[in-house]
Structures are given as C-alpha cells and as structure tokens.
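Some structures to go through are shown next.
Presented sequentially are two complexes of chain A, the first with chain B as partner and the second with chain C.
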Partner chain A sequence: MTQLPAHTDKKLGLVIDLDTCVGCHACVISCKGWNTENYGAPLSDQDPYGAAPSGTFLNRVHSYEMQPDHGAAQLAHFPKSCLHCEDAPCVTVCPTGASYKRVEDGIVLVNESDCIGCGLCAWACPYGARELDAAEGVMKKCTLCVDRIYNENLAPEDREPACVRTCPAGARHFGDLGDPDSAVSQLVDRRGGMDLMPEQGTRPVNKYLPPRPKDRLHETDVLAPFLAPVAEDPKGFFAWLDKTLEKR
Partner chain B sequence: MHPAPSVIVFTTFSGLGFGLLVFLGLGYPAVSGWSAFAFFMIAYLCAVGGLMASTFHLGRPERALKAFTQWRSSWLSREAWCAVAALLTMSLYAAALVFWDTRIAALGWIGAALSLSTVATTSMIYAQLKTVPRWHSPATPALFLACALAGGALLAGQVTWAIWLLSVAGAVQLAAWIIGDSAFTRSGTTMATATGLGSIGSVRAFEPPHTGTNYLLREFVHVVGRRHRTKLRIIAIGLMAIVPIACLLVPFSHWLAGLAVLSHVGGVLTARWLFFAEAEHVVGLYYGKR
Partner chain C sequence: MQPVIDLSPKVSDEVRRTTCYMCACRCGINVHMKAGKVVYIEGNRDHPVNKGVLCAKGSAGIMQVNAPSRLRAPLKRVGPRGSGEFEEISWDEALQIATGWLAPIRAKNPEKLAFFTGRDQSQSFTSYWAQNFGTPNYAAHGGFCSVNMAAAGIYTMGGAFWEFGQPDWDHTKLFMLFGVAEDHDSNPIKMGIGKIKARGARVIGVNPIRTGYNAVADDWVGITPGTDGLFILSMIHVLMKAGRIDLDYLARYTNAPVLVNGDPKSPEFGLFLRDDAGKELVIDRATGKLTPFDHPGVRPDLAATHRAGGITHRPVFHQMADLYLDPQYAPEAVAERCGIAASRIRAIASELARVAFDEAFELDREWTDFRGETHKTMTGRPVSFHAMRGISAHANGFQTCRALHVLQILLGTVEVPGGFRFKPPYPKPATAHPKPHCKVTPGAPLDGPHLGFVQGPEDLALKDDGTPARIDKAFTWDNPMSAHGLMHMVISNAHAGDPYKIDTLFMYMANMSWNSSMNTRGVIDMLTDRGDDGEYVIPRIIYSDAYSSEMVAYADLVLPDTTYLERHDCISLLDRPICEADAAADAIRWPVIEPDRDVRGFQSVLCDLGARLGLPGFANEDGSATYADYADYIVNHQRRPGIGPLAGFRGDGTQAGRGDPNPDQLNRYIANGGFFVTHVPDAAAYYKPWNTAYQDWAVGIGLCDKPQPYLFQIYVEPMRRFQRAAEGHGDRQPPDHLRDRIKATMSPLPIWHETDQTGNDGFPVHALTQRPMAMYHSWGSQNAWLRQLHGHNPLYLPTRLMRENDLKDGDWARVTSPHGEITVPVLEMTALNENTVWTWNAIGKRKGAWALEPDAPEATRGFLLNHLIHELLPPKGDGLRWSNSDPITGQAAWFDLKVSIAKTTPPQESLPAFDPIKSPVGTGPKTLRWKVGP
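Let's look at the complex of A and B:
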C-alpha cells in the first residue's frame, strides 16, 4: 500500500558524522557490492570500461567546501543515501503500490516485481536517493540492508548495513532513532544532529552530525609584519637564474 | 527536468483530446452520424495516442495495469482511472450519437466532467511535487486545464469560445512563467539547507560523487534548453494563442481554421517542452547545479 503508516514500531536509520567522514568512498563500494549480489535486481553499470561509464548507486559521497566570512575554508565529505523519511513523498506518489514504508521498522522499500519504472518516486524525492536501473527498468534504493540486519546466517557483528560495517573512520552509525535511549539517538542529541532540507517537510529518519568548529589561527607569526618583503625584480645571479628558468 | 519527448507528446495530445471530448460531451458542436464519428475519431486518436506515448517512458510497460491500484494516494493512479472512465463513458455516448442519432445528454455531461478531471489529475502529477518548485503551484492545473479547453474549443470549431479560451490560456501561460521564475528562490531550498552546512560558511560543491554522469543528472538537471528561454517563450505564446486568435478573428475559412489548429498544437508542444526544460529539481543543489 502506498499510503504511509500512521506509526512505525521502530525508526531504523543511519547517523552520518560529517566531522569524521574522510571521503574514502568505501561505503559506496561496499553498498554496491552487497546490493548487487543480494536482495533484488543487481545494480547495473552502463559502458563500465568505456569512455562514458555510468551506473546505479544507492549511496554517493559528495564533497563540499564551506567558506566562512573570515578564515580558511573547510571541507566536508558528504555521503548521501535514502533517509527513510517519516513523511516519505516517494511512497505516496507510487501508482502501483511497489513503494512502501514498513510498519515494523520504518524502512522504505521497493517491491521490484510491482514497479513499472515510471520514475515518479525519484521525481518526488528531494535527496536524489532513488535511481532507475537502466538495465532492469525498475527503481532501486537503499534497503538499509534489510537482508543483513535480520540475517541470522551472518555473525552478530555483521548484522548492520554494509556501509556502516565497512566504514574505516567510524563515521556511520546504525540504530533505532525512534528510541530516545538508543546509542544513535543520544549521539544525535549530543552532537546536534540535523535534518537535510527540513523545509521539504519529509521528516527524515537519518540524521547528519555537523562538522565540529575548527581552531582559528589568527596570525602566522608575531614578527611577520616586520619582515622585509621579497625582492620583486631580482639582480645579478638571481636575475640570470630567473631568466634562464623562464625559457623552456 | 529532462524534457522527454514521450511525456511532452502525452500531455499535449491527451490534453487536446480530452478537451475536445469535453465540448463533444456538452453537445458542441451538435453532431450525429458520420460527422460525429469524425469528431470522436479525432478526440480518441489524440487522447489514446497521448496515453500510449506516456507508456514509452516506463521502465516496465508490461506491468502498466498495476498503476490502477493506488488511487487512494497517487495522482498517477487517479489519472489512470479518470482516463479509462472518461473514454468508456464517452464511447457509449458517441455510439448512441453515431449509430442511433440519439444524444444522451446526461451521459455526455458525465463524460465531459470525467474528461476534464483527467486533465486535472494529469496536472496534479506535476503540481504535487514539492521538489520542483516551479510546478508546485495552482498555476500548473490552471495551465493544463486552460490549454485543454482552448484546444478543445478550437478542434470543436466553437469560434467564439475558442477566441476567449485561447486568450485565457495565453494569459495563464504568461502568469505561470512569471510566477514560476521566482518559485525556486521562494521555496527556501538552497545548498545551505540541502547540506545543513550553511552555518559554517557559504557552501560550494567541491567534488561530485563520480567523474561521469548518472541517472539523477540526466533526469533532473537539464541546463541546455534554458539558454534560449526568452525566444522560445515568444515562439510558444505566438503559436499557441496569438496566431490562432488572429486566424479566427478574420472571416471563417477552413484553411485558416486548419492553420489555427496546427499553430496551436505547435505552440503547446513548445510550451510543454519549456515546462519540463525550465523546471529545476532541488536535487541539483547537491551537485551545485540547478
């Protein structure tokens, strides 16, 4: 059913630490690997070894530069996947009922055998979390590794999403954001976890932890203002060296 | 947004077809027998042809029937129901007119209402999307309904109605452009809200996730067409409203009426191309594009 449940028992989701993420893209690769080999249609690539490769990914890492009014610019690596929104607009637009939000844990999933590939859910998602697979013709999205987190064939420490399991920096956390006492909820409280595009009214479950403020270096050296400037037009040996090196 | 030909053809021709069905359902022109057959033939070719074109953009068209199941929440599903109900009702109404020279007025009114609802549901598919601020406005249904009624009046040969409705459609189109041009800014969604990093400083996309393109960029970030937007808008409004009105204002001739229809269709196709090409999806912000 593409009507959203009024209440979900749990709100499983991710907490992504933008302070810790080093931008290695390991989560992108492990996500692609797990989700190509397991639940649903594989994540296809088009022209993978050619001049214009392109493919389906459920998780992509952007990098942004923030330039404050004063001081040095700061860089943040920004992994982005489905936020498993409480008011998921992708679910209600679906004409076939293929998209749904689970009552038991709040995960947003696509039933691929019902999907007609109309693409409307991807249009409705503000985050670019859904991609239509060019080979299969159905919509692909993050499943929160639903085939890992309840999988009793896996060792207990592996029962978390592939991206969380693989992150070498510990920048990704998985848990129940509906439970105020869970580790992830407390982390969000402590670090001021935020929603992406709150004005879109989607109420995302996934939260992002903002980068911590950087130290400020006010002056390079107290003596710097008294140092003589470097000669603009060299003479003698340096003039010859300068001229010689100018020639190629 | 990517201006896919299948969706442009679909919205233009199904709008025209259902617009004509509205007038036929109301009894304008009062046709029967073979002339009724010709009118209904044109309406069904446009409406059904448009609906068929829309299935070409589906990844799995063989499952299209499943789109009837979610009418409680999905405008796309409601559109499917309205379209089928309108076409079935109007086929009964048309059969009575063509074969028995009988006009079942009530059936025609219901069919006209269903035809108009189909156009309204189509427009709501776009108007409901908060992610495309240009579309997320009452101007979108107003535009689709005005275009469908104007085109319908023109095809139905209702000269007086057509002149008025074409003027309205032209005015609504102008208003939609003016309102739409500031919609993205008014929506309040920026790179700062998209990334949540605005409190640190002005945000700039430093590196995209991949060196190549992807589905999101192909589908949602279409910059090429906007370069010529002013020229295309003049062409669209001229062909869609001004030329047909001029053709209808001079003494009637079939040649000029034909020219008016061709010009109107060309104008609506251009305007629909712009409708998609000019629409900016908020996901572009994550890529530092719009």
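Let's look at the complex of A and C:
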C-alpha cells in the first residue's frame, strides 16, 4: 500500500476536446517518440515487423460510434492516457511505493527502480491507462512529460507535454486544473468539461470537452432565410436580373 | 519521500531542421540528434505549413529511417522477373547498365523510354531531365491521383485546393469539405478545423463515410458516391433561382458577362466574341457598347445581348440560367440519386447563402483592380470549401470539381476575405501554363515541356497520322485535357503495344505492381509476360525506391534511393511549393544524417546519368557533368535568367525570387530552418487575380514576367472547341467512336453525367478506399509504430448490408466486381452511406515485401480493393480498349467501383493470396528498444 498525498500544490492535467479530435493519432506517436528516448526505460515493441506487433504506448486513441435517437450515426475519437486522478487507485494499490503522486503538481509517476512489475496498478486502474513494458518488465504510464514541462533545456513555449505540442487540431490543452483562473479551468467551465467515469470515485484531473451537438442544420431550416424563388424559369430570371441590375 | 528526478534532462546535442516526407504535406521538422543519431522528431514552430504541430506519420519518421526495409545497394536482377532474385552491384556498374540501355534509345527512338515518377516532389527537375532526354513519355502520378481537381481548378479559376490555395482560416465562418485525401493537405486542414471550431465557426462534411474530418463536422452529408456534382448543381439551381448569388462579383471578375456566339449554324457557335486582339468582349453597362473585358472602367453587363452579322451573342450568364434553372437540377429531382433529402439540399444551400451574404463583412484595406478602379474596402464572404480525391477520382470528376468551383464563384467567395484564397505562384490561369509538347527528335531534347493545358484540338499530343504521341495516350481524343498524364495506363499500354511498344520503363517511387495500379494481378502478369521470342514484352525495367516495395521485384535494375533525412531536395516554386495564402515559400531537405548503406538520392543519380548520356543541361561541352549532384543543381540551375529552383537568399543572399545563384544558398536555408518565406503585402492579400498590387508583387519576385490579370472561366471555351471538333468543325477531327462522348461530356459549363455503367448490372454497392491519417500509401506498413495503429484493414459495411447478408463482425465476405473477386473480413459501421462499403487504402501487403514477416497481418488479413478495379472498362463488343478514366482528363476512376457482397466461409487468409516474393533485405528484428541516449 502506498499513500496518496493529502494535498497537491497544483493539479496539472490535460483537457481533451472531443469536438475537434479528428483521430489522427499524432499525440500517440509523439508520445511514443518522446518517451522512448526520455523518462525511464524506452517504450519497447515486440514483434514490430511480424504477425502480432505489440508495443508499449502511454496514450492511445479509440473510436466509438454513437447512434442518436434521431439522425445519422456519429463517430467520436477518444484519446486516452493516465488521468492523474486525485484518488488514484493505482497508487494506493502499489506494494512497493513505486507508484506515487507528486505533491508539487499532482502528476502520477512510477519510480521504475522500485517497480517490481507486479501489474497490480494496471489492474486497479479503471481506465486501462497503464502498460507493462514487456522488454523492461516495469510499468509505464503517462508522465505528463514531467521531463519536458520544467525542462530548462527547452524553450519556454515547448515546456508542455509532447502530445499537446504536436496536436494538429489543437484538441489537447495542458495546465493547472486546480487553479480556477487557469486557461484550462476556464475552458472546462465554458465547454462543460467532464470527468471520465466519475462513478469510479477516482476524481480524475484530466477533463474531456464533449462534442457539440451535430446534424442540427435541418432543425434550423425554418429559421434560415427562405430561399424564395425570384423566378421559375430563365425568362423570369432574366426579368429579375434586369430589374436588379437597374437598381445598381 | 518522493524520488528525486531530473526535470531538465538534456534533450539533444543538436537540432537539425529540415522538411518532412512522411506524406505529401511537407511540414517543417526539428530533428533532435544525439551522438549523430536521430532521437526525436517534432514540428518546427516557425514553419509556414505546420507551425509546430506534427502528425503521427511525421513523429514516426524515426522508425522510417531505421526501417529494415531500406534498400542497401544497387540491385541487378538474376532470377526471373518477380522472383526477387537479385545481386548487389556497384553504382558504377548500375550506371553503366542504365547508360548502356538508354543511350541507344536516345540516339534512335527517344520515345522508347517511358519515364514516370510516381510520388515525386521534384517534378520540375525530373521533367527537365526527361525533356532533355527527348522522350515524350514522362509524367508523375497526378493522373491516378487528383488531376481532375487540379485541372478543373486551373481551367476554371487558375488554381484549385491544397497546393493551389486554402480557406481563409482567420475569417471563414462556414467551411464545407467534400471527400478528402488526408495528406492533401494534412496538418493545415486539421489546424484550420481546430482553429475555426475554437471560435464557433461550423463545418459541413460531404462524404459517404463519417470518419476523421467528417466525424468532427457539425453536419455530415453521407452522399452517394459519384453524385457530388449533381448535389452541387442542385444547390446552384436553388441559389440562382432565389437570386442568392453575387452579381457584382460575377460581372467584374468572371466570364459570366462575356458574349458567346449563339448561332448553331455559325462555325463559331458557342465560342466567345473577341476583338481583333483576341480579347473577350462584353457590353459595358455605362456605355451600352461592345468593349474588351479589361478596358479601364468597363462595367460588364450580365444581361445585355449583342447582335452582329445576323448572329445573336448572349452572355455566358444567360446560358447558365438556361442550364441551371432547368428542373432536372431541382432538389426533388436529384435527391434520390444523391441520397440526400431535398429539404436538406435546400437547407445547406440556404445556409451557404446566409453566411456568404448576411454575414458579409468589410476589411478596411484599399486596393486597385486591373481596370484601374480603386476600392476602399475588401468585402468578406465567410464561406470556404475544400475538396480532394473523393470527388475527383470518378469518371465525372472533372465536371464535378468544376461545379464546385462555380458554386464558390457564384457565392463570390473566391479570393475574398473569409473565402478561398490562392497561394503563390497561384493564381495562374490555364493560358499562362505551357501547352503539352511531344515532338521527338532522335538524339535531341523534346521540343518543350511534356505536360500542360490544351486550349483546343490543335494542342493535342497527336502524331501526324493522328495516333497518340504518348504511351499513356495523354492529350488525345480519349482524354484531351489530361494535364498530368495517365501513369495508370503506361504499363497496360506498353504491354499491349498500344499505341506503340517501348523498350525501357523507368519508374520512381510508384508501387505499380501493387497498390498504385488498378488490376494488380493483371499488371504483374504484364510486367512478367514474355513474347514468342522468350523476351519480356516490356523489355527493360529500371526502378528507384528507398524501400523494399512490391515493385522492386519486377525491376531488372534497382537504383536504391535514400530516406528523406539522408538527402537534398527542394520544394520549389517552379514545382509544388509550400506557400501560404499570405506568403511565397519554398523549402529544402538536406542530409541531417548520412546513409549507412550504398544508396544515393535519386535526383543526384539522374544528374550523373544525364551527364553520362550527354544530355543538354546535364553535360558540359567537354562531356563533364554540369552538376556534381542534386544539391549543385538546386543552387546553380537557372530556368530563366535569375530564376532557379529556390527563391530565397539569391544573389548576395538578400535577393528573393530573382537573383544570381548564391553558392551559400543551402547554408542560408539550413540556418533559416530549412525554408524561405516572403510575405504578400497586405494590399495584395485578396482579389489576387485582379489586384494590381498582387500582380506587381508576383512579377517582382519572379512568379511571372508580366502582370496577368484574367477572368474566372465559368464557361471554359477550350472545352467548347473540343465539342466543336466533335460536331465536325476544324481540321483535327476525333475518331467517330468518340464524337458522341466528347459532345456529351465536354460541356463548357459544368454538368453532371452518370459514369459509364457498362458491366455494372448485378453490382449495386459502391466500394471506396480512404487513407488513414496515420499512414501514407504503402509507406506506412514498414514503420514499426504506425503499423501498430493500422495493421490490417477490415471491409466496413453499413448496418443494412450486414443485416441483409447475415454478417457479423469478424465474418468474411466475398466481394465481387465486374472485374474480379476478393474474400475479406468485414466489420459493421453505422456512420456510413447505406449503400457503400469501404476499407483503408494500401494496408494490404505482398508477402516478402517491406521487410515484414510473411505472416504479418498486412499480408494475411490485409487486402487491396485494386484487385476489383480494372484500368479498362469491361469490353463493349467494339474491339476498343476503353480506359476506366475520366473522359476529359484521363483521371483514374478508382471510386466508380461497384460490387456485390456475399457471406462466405472464412478462408485461411484474404483472397486473392499471392506467392511470397523473396526479400532483398530480409526481415526486421524481433524487438525494438530505440533509445540512443543514456
């Protein structure tokens, strides 16, 4: 058993906009690239050119179809990584103290030198956000790019998680969700940001912005300017044209 | 106690900035290096294309440059074609072999070389090489990609989407996109959608499949494939009928007021009334007199007709009214065919008009038009469009793309704030482009550029006896406006000896024995077929690729290219640059790492080969090489005095566009992040085709040599000239079997026509492919990271077809077309047109290719739809070979495919199954842990 801190100074996390995520996987691969070279063991790939390629990823994009009661089916892209929960069950379940939540910013990390690869944390995480690296035998998870966000070797504008920096659609936002005045907190307020599976009681820090309602154009049809015909045939049209051009 | 961790680890020793080539988008990348090795790739924040972001492909570049599929040395075939039996040879031997084959061809019959360059980003260079070789048989892959989009745009308004222009992301409020190929334009479209959604602007997606951009679209129109033109023309009908069009814009900037000969008995019937100088004539509303369209102060009249010599001349706008107000285009008349309710067609048209006109705004920027009139402001119409292969890869795609451009023009949204904006060097009308050239002289260059824009029958690439001059039959009566050639017909025609036999097929970056050809099995057979004499029907094949693609096995000589991080390239203003609407820009690639194999950049190899062959432009008088390598060419070649491949840092390093070669130019590019950008002045930012400030700026930086203002060609007169020939006028006459088709399809105003349905009885379902955002054609599957995202490709079926065929997810179906049959796994998808099936493009692989294990899912469960599509239409009984292409441009009609579906017992693997080919590079490692640093 490992204890969570009673309080964290900040609640750093991601706000992911499901209204604009086009499902391109840019975040997935940028994350893979950064975290293969940086924090801890590289993210390995087994059978990378074979029948069942299987690698470690800290962030994956899933796609779900939804059939509303009325109108066409919809498709939502859903990127998922560690949500850095305030009540992180992956931490409290850890038998060695390897999993921990940082006091200063709330980031949930794995201290790989203490990780025995027992997998309890992955089992405890209701989001499936942890992956055991098959080559290294240690648990890997999103670090919120802890080695980027404070990194003095990076330009200040680059001190954000790799997935946020790379997202072409601007669907990923990073900041302090513990500060109600932060840009991310305000975005969450404005757009009705939501917790993922709140019933699990994990109090995730990451938030998701829901897709806006879709396929509403036909519903506003009657309110739109009516396309009243000015003519029914070319002859009438030319008469209208003459009249219209006269006025100019 | 919390562990102490290093929050500021060293990121890299050095950052080298170059240009991505993981797809066609050409983003700027920061390549982080440690100990001389690539450790991380991210987007370049300063770059005009991607402004720091990068897609999955770009970030996975590190797995492309370490891919086990990379070719290692030149290869000489030692087994039968297709066996994959090669021996590695030296470059000297390889180049001697190539020279030995090509020199005699050039001396006697230059046309016996067919040189086609696939996904080439150096076409201004490769075409220059081919022109100096003297063969007429050169093109890149545009014919099987998106020539309909490009050609329709250029003929209509002097540019199309992607490289030609972009939505005004800063001002647009309604963005409508039609069937998109994701790499055209990859990151800018994502960035744009994100940007406009963030400020509450809306997106309408028109696509039979609701994925990607269509998934985030506010409104999705799941149209029936191939009916986009009908949908667009119906909206045009509705908008014209309601008078919701921009009459002022039409009168000033388009040929809507230009007078057309209306006498069916006149030889000039349907052609423009022109003055002695050849200028189109309009009636000036101020004077009521016949006046050249560009006369200072003229106010062209959309309504007035003109009678002269007993012939009534009516403005184009009259013909538009006659055609588009016809009830055949009423929403109720098209709804069923398009699969869109009439009320929805009206609602969308109404919304386009509401935003264009009721949300119009003014930018406080003064500008002067080409008639000398100064305007105090610029009027914004915040509706923009984008479209790509989805609408162009049909046999009616050219007219559909034209219809979309005419819709934009009717709304007055092109080159205005909030609408669609050109990127330099566009706008550029068709008349400012070259015409095709095909005059062959043994031992000498071709008489001009291969590709271009015909203005009438006199410009066709025909021999004196009327037969096609080109192996792909581009610029013939079969497809007169084939501006990009027909790469998909080269192997088929060369094998058939129609119009003639060739000696050497030379290809670059084109996987023609697999996913880049229709009728894959047939193409493989053509490449390996032998004549009665035991020799191959296509005698010699030279192929250049960086990777062990399926095509490698079919070459006699393989010239191994470098990866994109090991080479010089230029993304040139002479070619397909990276400009933005507000800036002219070009870019380079440079070797940020050195090859660890005996490979050479293909363009450098062409410089060498050109010198060995003594080609003008590549060999000096003393026989020495003009250019040491491609980098030397990039810096020192001048297309016109002072104009070279790169526009930046010319002369003493301060000159843009025009200037002497600067030996330090590449270093200046590298220091600047791999690109050069120069901004369009504010007063020149919009109305570019007619804006004096823009025209002067374009001349200043060398985009053109004199101002070239022009009118948008709603009515494309060259098309009418082809119709006129088909009606029997003129010296150059089409063959009789094509007359009716030319008359029917080459309408000078956009129309919609049903594509040729020969053989489609019993095949009621549309079948499409899409490219996943994380893969680029066949290139992605060799990438260890990307193939984990898309390692196999089910056939997605709509719920209706799943139920009708008693199919469940994971079942297998036999999919049959008039041409062939495949057996593949299926998956249900609801957000899909109910009569359309689809799969991801180019995931299926041949066993043995790309250094994948033979049991890789790409090779066992993956599949291609290509097996169902033939390059020819089914025989019509007339003995003729009818190409499965747009009859105007020759664009490959990939998306006209119709199939039937039946449940079947699961086979061992997807069918058809092909024998493995022997890999020249083996297979990859069993585990990857790619960490360079400590």
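Basically, the second predicted complex is superposed on the first by the 214 of 248 C-alpha atoms of A that agree within 3 Å, B and C clash if a C-alpha of one lies under 4 Å from a C-alpha of the other, contacts with A are read in each partner's own complex, and residues count from 1 in each chain.
The working rule: contacts are C-beta pairs under 8 Å (C-beta built on N, C-alpha and C of every residue); 3 or more make two chains touch, one makes a residue touch a chain.
Because the structure is predicted, anything quoted here is derived from the model rather than measured.
When the two structures are aligned on the shared chain, A:Phe237 is found in touch with chain C, with no touch to chain B. In the overlay built on the shared chain, the residue A:Asp69 is in contact with chain B alone; chain C does not reach it. When the two structures are aligned on the shared chain, A:Pro95 is found in touch with chain B, with no touch to chain C. Contacts of A:Gly137 after superposition: chain B is touched, whereas chain C is not reached. Touched residues of chain A, counted separately for chain B and chain C, are more numerous for C. Residue contacts after overlaying the shared chain place A:Val28 against chain B and chain C alike. By the touch criterion stated above, A:Phe174 is placed in contact with neither chain B nor chain C.
With both structures placed on the common chain, the touch criterion links A:Pro53 to chain B and to chain C.
Of the two partner chains placed by the overlay, only chain C lies in contact with A:Leu245; chain B stays clear of it. Counting contacts as defined above, chain A residues 25, 28, 52-55, 57, 63, 65, 67, 73-76, 114, 136, 211 meet chain B in one complex and chain C in the other.
Per the touch definition, chain B reaches chain A in the complex via residues 1, 57-61, 63-64, 66-70, 72-77, 80, 125, 128-132, 187-189, 191, 193-197, 199-210, 212-216, 219-220, 281-283, 286-287. Chain A makes touch with chain B in their complex at residues 1-3, 18, 25, 28, 52-57, 60-69, 73-76, 78, 80, 89, 91-98, 114-120, 122-128, 131-134, 136-139, 194-201, 208, 210-211.
Those residues of chain C lying in contact with chain A across their complex are 2-3, 5-11, 39-43, 45, 50, 52-60, 62, 68, 186-187, 190-191, 193-195, 197-198, 204, 210-220, 222, 238-244, 247-248, 285, 301-303, 317-318, 321-322, 325, 341, 343-344, 346-351, 353-354, 358, 773-774, 782, 784-789, 791, 829-832, 851-853, 855-857, 860, 923-933.
Of all residues in chain A, those touching chain C in their complex are 19-26, 28-30, 32-34, 36-39, 41-42, 44-55, 57, 63, 65, 67, 72-77, 100, 102-103, 109, 111, 113-114, 135-136, 146-147, 150-154, 157, 162, 165-171, 211-212, 214-218, 220-221, 224-234, 237-238, 240-242, 244-245, 248.
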